[in-house]
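To start, I am sharing the structure in question, which I have written as structure tokens.
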Amino acid sequence: MANDFEPVIIGFTCNWCSYRAADVAGTTRLKYAPNVRLIRLMCSGRIDPTFVLKALADGADGVLITGCHPGDCHYLEQNYKALRRHRLLQRTLAQLGVEPERVHLTWASAAEGAIFAATIDRFVERVRALGPLRWPARPKPLPVAVAPELAEEALP
Amino acid sequence: MKPKFAMYWAASCGGCEIAVLNIDAKILDLDANFDVAFWPAAMDAKYKDLDAMADGSILVTLFNGSIRTAENEHLAKTLRRKSKILVAFGSCANEGCIPGLANLSSRESMLETAYGGPSTENPAQLRPQPTSQVPEGALTLPPVQPVVRTLDQVVEVDYHMPGCPPESHQIAAVVDLLVQVVQGRAELPPKGSVIGAGESTVCDECPRERNVKHLTQLRRIQELGPLDTTLCLLEQGLMCTGPATRSGCDARCPRVGAPCIGCYGVAPEALDQGARMMTAIASAIDAKEPEAIDGILDGIPDPAGTFYKFSLAHSLLRGGRAAHRETETP
Amino acid sequence: MTDQPQQHQQEQGQEERIGVYVCHCGTNIAGVIDVGSVRDFAGEGLKGRGVVLSRDYTFMCSTTGQELIQKDIAEHGLTRVVVAACSPHLHEGTFRTACDRAGLNPYLCELASIREHVAWVHTDHDAATTKAKAIVSGAIERARHSVPLEAIHVPVDAATLVVGGGIAGLQAALEIADAGHEVYLVEREPSVGGHMAQFDKTFPTLDCAACILTPKMAAAGSHPHLHLHTWSEVEKVEGFVGNFTVTVRRKPRYVLEDVCTGCGICIEKCPVVVVDDAYEAGIGYRKAIYMPFPQAVPKLPVLDPDTCTYYLKGKGSCRACEKFCPTEPNSIDFNQTEQRINLRVGNIVLATGFDLFDARRIPQYGYGRLPNVFTNLELERMCNASGPTGGAITLRDGRTAPKSVGIIHCVGSRDRNYNNYCSAICCMQSLKLAHLVRERTGAEVHNFYIDLRTAFKDYDEFYQRVLDEGVHFVRGKVAEVSEVPRGPDEAEGKLYVQVEDTLIGMQRRIPVDMVVLSAGIEPRHDAKQVGQTFGIACSANGWFIEKHAKLDPISTMTEGVFLAGCAQGPKDIPASVSQGAAAAARVLMRIRQGELALEPVRASIDAERCSGCRICNALCPFNAISYDAAGGVSAINSALCQGCGTCVAACPAGAIAGSGFSNEQVLAQIEGLLLTNLEPAEALT
Amino acid sequence: MKMLFYPGCSMQRTARPYLDSLMAIRETIGLELEEVADWNCCGATEYMSVHRVPALALVGRNLAIASRQAEGTDTLTAGCSACYLNLAKTDQQMREDPRLAAKVNDALHAGGLSYAAGSLKVRHLLDVVCNDVGYEAVQAKVVRPLHGLRLAPYYGCQVVRPDPDSRWDDREHPTAMDRLLRALGADVVDYPLKTQCCGGHMTVIGPDVAYGLIRRLVHGAATAGADAIVTLCPMCQLNLDAYQIEMNKHYGTSYAIPVLYFTQLMGLAFGKAPAELGIGKEFVPAAPALSRISDRPPAAEAAKKKRRPRAADGLPMPRMG
Amino acid sequence: MSAVPSPSAADRAPECSAFLREVMDATPGDSRLNMCIQCGTCGGSCPAGPEMDHTPRRLFAMIRSGLRDAVLRSNTPWYCVSCYFCTVRCPQQIHITDVMYTLKGMAIGAQLYRDNSPPDFSQTFVDYVEHYGRSFELGLATRFSLRHHPLSLASMAPMGLGMLRRGRMELVPHRIEGMAQLTRILDRAKALEATP
């Protein structure tokens, strides 16, 4: 049963290393699980917890954040900021009952296509094992009869 | 005939009502220009009186409190129908506020804490029942819903007025505005606007001096020595949520040395107050190694409660899984 | 910039008209993805999201494919273009240019990578098609929030700063100066020349190092457009590409540069002799006032206050140099102080070279403890005719010629305990030293190597030559060098090189008189700080990071800062010279252009929304963010900003906007990828 | 300074003088040692060869008992190199491999015990003496400096290597004991073999190899001009002392370099009686060497006159440090 | 930086021989054995190197080639004295000494050693520990020597006597009080060893 579950995962990649690692995985025709949909950011430092929460709230079962290896950031040290945000976010998510493992941070250099592919496979399996997140959709205001727009004549 | 004014108190502490009364003489302007049609805290009124009113017959309703019970929801819908302008008044109605923190736990565990916890004297282990028989007949309680919702998650809302409670000077200004609109001297802001608040964050109004932020430790106030009276609290190691909280309060807390706890809610046009505060804190931490980062983060023992103290119910995830799971159909 | 949820939000003004193009890439994409289904999904399913036309085509990047887009923009009034094809790193430029030609702002064109990220990496056709649809949907939503952007234009100052006067820096400086532009060459040592000036011969041709280097040094010293600042360092760099302001700190030489004739009498008369750790690599001496080497440029002495008697005695006695200096006014100036000068330059070339690995870090090789263990650089000095032994190779006693020499390769290199990379030059340099030892002493030479790396022109030929000269090669990384015999059958007074001869699978202990450690090369010890000064980063190994390892090893991530020589990574002289010349070509191209167009992906702060919390202030590695205390708000210098978006993500007030990667774009793309833009959410098959 | 103490089998028996001398000096240097209750053998280098998880559980029992005993200290010290290494490595492997740690704890539960990896700091006695007690404190207690005694400090392998917690400045060329012996007033020779292998258990299973290694160490010390070799490990002491005789027989040589524990020399410098320190129990008698201890400090080297280097001086040596 | 788990060794070398993987899996932590560059630092450093039939380096090449029998029959691991020179000098930071322990265990498991004296020594030692909770030199030396070098026993006797005389050896072993507890622990550990 649980094996039928195909997680949907949003992946954030940086323009310089991890997105290129994904490109390399492609050019070298490596095969990996099709569950991750990537978003290209300029840098892992662009990662905003809002993006992660948005993805989880909108139906993703997991979020993968990738950046250049520490010391390799094309913007010097911005990946450390991603690391710090990730660690704090994980603490908060745990309190909210979202398994912190659903939000995974990893480093991949532009050359590490194979590692990138393997990381995706492993992460997909991990999320699959956790099961669907199934966060309830945002409640839409109920269709209650609303008073007509404030009309001129309503005013004395 | 004067236009009708209403105010209602759903799941909230009542502070909002007091805040309105706190506007001193301004309350007389309200009385002079409006006919108070329904205000259970200030005057006697029965639901049937409300039901009797025509749809749209109330010009403006200040609705405070979040939606916790079926009764809250019923009143929200009723007042929506009866009112031309529905204002989500105060943090509870807008973002869930403290009652919204209940969304971190399931209804059962919440009731358990309230009626069975160590701080409750309840030797008979009584629990509130939907109906109970008393000599006079059957009493019913409105059912507690699985999650706390904000007013705009239940009905459409025209204006939002944040604050826990909204500051008196802001209420006074809004009352002024309403009076002027009624007198035809001013226009209403666009529908959906936030009223009675600023357009930046609390730091904007905070007089404390600040520097480039390199956070090396976060402490509770009692763990710190005497505070510097002029320096930014965050820089002194206190978890101040001023940077991510909408301005409008005039930085009341930081002014007197208490960190901002976020009651004015999410910053203008931001989606999630907690996310904004988390990203700010994590960005400003001065550490690179995971162990060092964790060491500093350990200074925030309750991140969800810290970053979402007021805005949990209206955040992107709207609370914890425990509460939401109940709403799922198995 | 706001976090505003975008879903189903009513767009203000005119509704977007989006054109979607799905590429087959021959069978590359179409072989795995049902291209027609993706096209229909966009065209039909996302009509409500502004898609007005959706096409598929065999090769979108072909001229015909591009013309198709241009024609549609003209005929259908497209306001956004989404091309589902290969990675944006390949063809983003192509399609953006096509849009530009048709009058659509290039930044309104969005690429969806369904080749590298879908067709090539998945085998399940249905899953691949579903994923491709999601990616296209994400791109469409993102495109809806794209805004037209204009490149940022900055003028380029024609003057150039070259930092480091080794062979790489000299080459770059001379080529730019020869083109008629002003060059400031800042060198931290008293003379230019770098490491090459220390050698006697250079591989593989065994040219005399001085013969080929001295002319370049002399040219640099006398060039009308080349301004040398030796004994100087760059302290601060402000501004941005085209327009840097550089502060140079000139250390006091205690010698008047424009009076001194370089006669050297002061040096002769100075009574203080100390070990020269710099130029002589620790095996020769210099005076307290000295010229690093006879061919030094500028030909000026420098007085070292840390060893000069006059300073050591708190400004008293000696002054022999002053007494004998023949110039009028006297060239010795004991009161000289540090000076700072400001330079305005448009581009910067960093050619700061390398440090030699410190062989003391490997105690089992005995360097520093066993007298007859030498480093490669010590031996280079010994071979040099102007070196401490006048070119003779001797044991530490300075007299005895060794009868047997062991040369150990890979010292500190290819070793995770020290440096994990190959230093690239030491195999050849070890062969060179083996040859020199054989030539000058006739000693028996053993080279201990793991692999012999003799790539490049004429290098392996050199190896063959050395083999022919009778040098022994033992394949094995040396375990230790010991002076203590293991058994009674081993003689005293020898150095035993203990190694596994891996080709015979046996441990051997080879007795020699002298051991030469071919220490590898390392990033400069202060590379990190220097990098910070210039706003560039070091890789995990410590070398300056180039923009692209293969296709742009010259540029850095900081616009206007280029690399040359070993500062970028281990390399030999031919490669250092080539890179120096390449950096010069880049700089000349910039100067020729006169103006630069920068990518408009930049951050900016909305002063109204900024609360002045100063969270963002420490975040920018390029110092683009400043704080205006009077206004209580922060601001971003868009020319310095490189568009990483870190501050955008960090600002708690949401006051920082990131053009090209805005919150709206990313949030909308998330919705698109998760297909919450479909109404009602259709199950994709 | 209080800490837990694991003596190990050797210290109880073959290295009795080590234990005796430690007991004799501990008060002087303010060491309060609490023996781990009913400890068992650490398995030396043998147990690990046969079983892996049981080997860790074997050591785990000691760690578990020690951590239960730990009060007012989290330091566990051992004098034997192999014991130290086994304790330290078990703790490290449990820290790094949670699955393995779970297994070890599972086994320990069978005996009603458990050990939380990382809760104890495992240190070798020499480390404690040099870095916690400190050279100054030791020097302050010296009443009979070991002037004139030339010593070869011998560390052996397993204290400085593999050095799981990076305690030593160098795994090939440590200097902690050199400094300690200098603090006692002794003359420390440059002993290039200070971390070479003593042969370990090879004396039993491959005596020829062992003799070769022992000869080299003894010969190296003799060439360096040492009166005695100083060790910090029972196994090293045994191999170099007891087997020196066998080695001499094997090679037909007559080396006679006594092998002492650093604690014995500390005791001597602190003015303790040799017998109290177990001196006299060694196979190669230490008395002749110890008789070299003189009352007078070595004459301070006449301050070298600074002069200009001459050709006859040869090339300058690289400067260390 | 430990924030992000690095890919496991197996991922790095998916095609490495089954035997190599077996050895790596049996070694605690990441032994990195697949990263050997055949430089010979280990073989050059090993004090027992001259006695080994294969240098450690060559043994690792053999593991890579899947020569299971030849590897487990080799005397190399048994001559390892755990000096850790190879481990700290290996330029690839391979946990060589730990691998030697693994190979010894595997050789015992497969009953594949040629000379049974070293494994026997280990086993004898283990027996004493499992019996008394402490090692017992006298017993160990005599029992082992009786079995393997009966002739040398006579020559070793003076040393044994010397030890006894100097109070550095005892005639009877010491048994720890918690022997029953230790036995339970070891039994459980042995059962667990078999599990993955």
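Things worth noting here:
Order of writing sets the chain letters: A, B, C, D and E. Residues in each chain are counted from 1.
Note that in this section contacts are C-beta pairs under 8 Å (C-beta built on N, C-alpha and C of every residue); 3 or more make two chains touch, one makes a residue touch a chain.
Just so it is clear, the structure is predicted and the values come from calculations on it, not from any experiment.
When C-beta pairs in contact are tallied for every pair of chains, the largest tally goes to D-E.
Relative to chain C, the most remote chain by averaged C-alpha coordinates is B.
Comparing mean CA positions across the assembly, the chain most remote from chain A is D. With centres taken as mean Cα positions, chain D sits 54 Å from chain A. With centres taken as mean Cα positions, chain E sits 47 Å from chain A.
Between chain D and chain E, the centres computed from C-alpha atoms are 23 Å apart. In chain E, the positions touching at least two other chains are 1, 3, 50, 85, 88. Multi-chain contact residues of chain D, defined as those touching 2 or more other chains: 172.
In chain A, the residues that reach two or more other chains under the touch definition are 48, 50, 54, 70, 77, 81, 83, 85, 87. The touching residues of chain D, when paired with chain E in their complex, are 9, 12-17, 38-41, 43-54, 56-58, 60-61, 82, 93, 96-97, 100, 103-104, 106-113, 157-158, 161-163, 171-172, 196-197, 199-202, 204-209, 213, 242, 245-246, 281-283.
Those residues of chain E lying in contact with chain C across their complex are 37-46, 49-50, 54-55, 57-58, 85, 88-89, 91-93. The touching residues of chain C, when paired with chain B in their complex, are 2-5, 608-619, 627, 632, 646, 649-655, 667.
Considering their complex, residues 6, 8, 10, 19-20, 22-23, 25-27, 29-32, 34, 37-43, 45-48, 50-51, 54-55, 58-60, 69-78, 81, 85, 110, 117 of chain A touch chain C.
Interface of chain B with chain C (complex): residues 199-204, 210-214, 232, 234, 242-244, 247, 267-272, 275-277, 279-280, 283-284.
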